[in-house]
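Below is one structure; the comments refer to it alone.
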Amino acid sequence: MRLGVFVSDCQKNDSMLERLNGEGLGIFFVENGVYHAVIHENGRDSGVLQKKGVNYYALASDIQTRGFTTSEIDSRVNVVTYEDVVDLMMNDYEKLIWL
Amino acid sequence: MAKSILFVISRPPYKSENPKLAITHAMACFVADMHIDEEVEPVVAFVGDGVLNCIKNQRSQEFYGIISTEQHIKNQLASDMRMLVCKEDLYRLDIKPERLINARDMGADIDLNVVGFNEVQKEMERCDQMMWF
Amino acid sequence: MATISIGLFSSLIGSMNSDFAVKLAETAVNKGHSVNLWFSGNAVTLARKGQKSFKDYSYLAERLKALQENGVAIVACEACAAARGIHKDDVIEGIAVHSMDWYVARAAKSDRVLHIGGE
Amino acid sequence: MATISIGLFSSLIGSMNSDFAVKLAETAVNKGHSVNLWFSGNAVTLARKGQKSFKDYSYLAERLKALQENGVAIVACEACAAARGIHKDDVIEGIAVHSMDWYVARAAKSDRVLHIGGE
Amino acid sequence: MAKSILFVISRPPYKSENPKLAITHAMACFVADMHIDEEVEPVVAFVGDGVLNCIKNQRSQEFYGIISTEQHIKNQLASDMRMLVCKEDLYRLDIKPERLINARDMGADIDLNVVGFNEVQKEMERCDQMMWF
Amino acid sequence: MRLGVFVSDCQKNDSMLERLNGEGLGIFFVENGVYHAVIHENGRDSGVLQKKGVNYYALASDIQTRGFTTSEIDSRVNVVTYEDVVDLMMNDYEKLIWL
């Protein structure tokens, strides 16, 4: 199953993400979820970024809305537009979860 | 004799309207003496993930057609409202001082005031009332 | 007896914050305290006329009326209400609509303020 | 082209979930997909007539009308709306009111479902 | 051929209406064939803090005048709806099996089905659509 | 300052609670906050209960609404009614925070 998971919050609800099988998983950082891709809490990357075999995406407009630039995004994360999100949803992921 | 209300903003921007409501309620203090026989002095403190509100160059207008939280904060600074930002949380989230909003382009005389949490706590003791957003 | 101002920012149905605030107000009034109740943000939906009662969810409209008859000032934020399409004629009788300065003024003069600022 | 059903449960004003859902629907429609948009819980407030536009908050009423004119089925949950005092006459023209079976039926037949179940 | 929808309940009860809306939406599947040419089979799974919904003896009616989430779950069991509860989360929160809701007093033939998260994950693969509350 | 803090959620936002001075602090578990007083996650008490010099309260009706009995509450926590909450607010705490 190719599963797309939308993370819209900056709080750490990693526990559910940790349990989901990594293979084929896509994680979409949207809204306040984008902080996971740019903030280094206590000097460390977000725990959410540590999963193997996962594709990460962050919505450019949500990063820029919050005062960050896309160049600040963690290198593991792909910067995407709404157009990209629609295409990824339709072509790359069969099922979607909004956590 | 004036009363003071401390508005504590503990949530990040753009999740709910909470931080903006804190700022608009703080602004409303300037006209509160319409209703009562004394003035009400607002103080705002950003703590916890609330310090994320203070990052400059927010572009919500461009992407979502809504005035940014940054613009609200600038308006407050230009109105000489005292606004504290918790140093420990800026450090925790690795937000450097040069990223913080200022309103010098609007002629503001004051900046966001970065202080230790102990200073926020002193303000909590000093104020007459507290509203935690 | 003292004055307490309660500010409620969470929305109607299903949010137990609303139930908590109303029950606390009722208890305080029964003990002889004076109470102000302010709805802002999504809580302004509590002030709307014509809410249908379902057994699933708490139905607070009648209890708000009773509070108001017992002297509680219940006021909804004007801008928050208008943004949600709730205008003066849409509000339950006895509930007032004011701008935010009403709440901060009342709070400043209260003995206690419980500001429930959730989402 | 595919069919996507978006279920939105978070409330109007200030919740960026609403902005996200509407922008996603617009983008999908522009790409030629067919879109269903369901409002339940507090999101039913989005369907209400007479929302006043403030610069502080996103104002989505016009964009919902445009979506509907572009073929998007926009439906609000009947019970959730009635509980909040929003009845058929209170709803923006072009937005329908149905019970929950409409949404689950549409979702079952869609290629993709994005259910935004927040508070 | 029936379609199936998996309703995942990940939030605790009595914070918002979310878990109840999950249950009412699941119930609505039983009449979804009014709209389409096939039946829709609902399955419910409680995961994370959502398992707190499954504790019996909820007294919301008595204290808040609202039907409990327990009653909703019992109605579903009495309608033979398949309902999974994540074992790992029950263990994590130290909720013993004897605390779980059942609807035997309503003549239900089935109980809540305590399963490992891997079983929930299988259901996520098997279902046609998923709604995460 | 005697400060009363209302905790209405079961998620761990201890970090703010940890920073508040313990002396004179009252913590009120209401709504889903009552889980802190009855649930032993991974066999341990809630971290929120570890503060020294704090008075803890939990609203009886909110415990019972969620399927627990008041006898299950941690011994450090006082079981209270709405009447008690009003009296405590008025007599024992000058300022109140709803976290």
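Per-chain numbering from 1; labels A, B, C, D, E and F assigned in written order.
The definition used in the following text is that a residue touches a chain if its C-beta (ideal position, glycine included) is under 8 Å from a C-beta of that chain, and two chains touch if they have at least 3 such contacts.
The model shown is predicted, which means the values in this text are computed figures rather than measured ones.
> Which chains lie in contact with each of chain A and chain F?
The common neighbours are B, E.
> What's the distance between the Cα centroids of chain A and chain B, rounded to whole Å?
Taking the average C-alpha coordinate of chain A and of chain B, the gap between them is 29 Å.
> From the mean C-alpha coordinate of chain C to that of chain F, what's the distance rounded to whole Å?
24
> Residues of chain D touching 2+ other chains?
Residues 13-16, 23, 41, 57, 79-80, 113, 115, 117-119 of chain D each touch two or more of the other chains.
> Please list all residues of chain F that touch 2 or more other chains.
11, 31-32, 62, 95-96, 98 - these are the residues of chain F that touch more than one other chain.
> Pull out every residue in chain B that's touching 2 or more other chains.
In chain B, residues 14-18, 21, 24, 64, 129-130, 132 touch at least two other chains, as defined above.
> Kindly provide every pair of chains that touch.
So, checking each combination of chains, I get A-B, A-D, A-E, B-C, B-D, B-F, C-D, C-E, C-F, D-E, E-F as the touching pairs.
> If you look only at chain F, which of its residues touch chain B in the complex?
1, 3, 15-16, 19-21, 95-99
> Which of the residues in chain A come into contact with chain D in the complex?
6, 8, 30-32, 62, 82-83, 85-87, 89-90, 95-96, 98
> Given the complex with chain E, which residues does chain D contribute to the contact?
That would be residues 7, 9, 40-41, 79-80, 99-110, 113, 115, 117-119 of chain D.
> Hey, which residues of chain C end up touching chain F in the complex?
Touch residues, chain C against chain F: 2, 4, 16-17, 20, 23-24, 27-28, 31, 33, 111-118.
> For a test of understanding, state which residues of chain E touch chain C in their complex under the given definition.
Against chain C, the touching part of chain E is residues 14-18, 20-21, 24, 64-67, 72.
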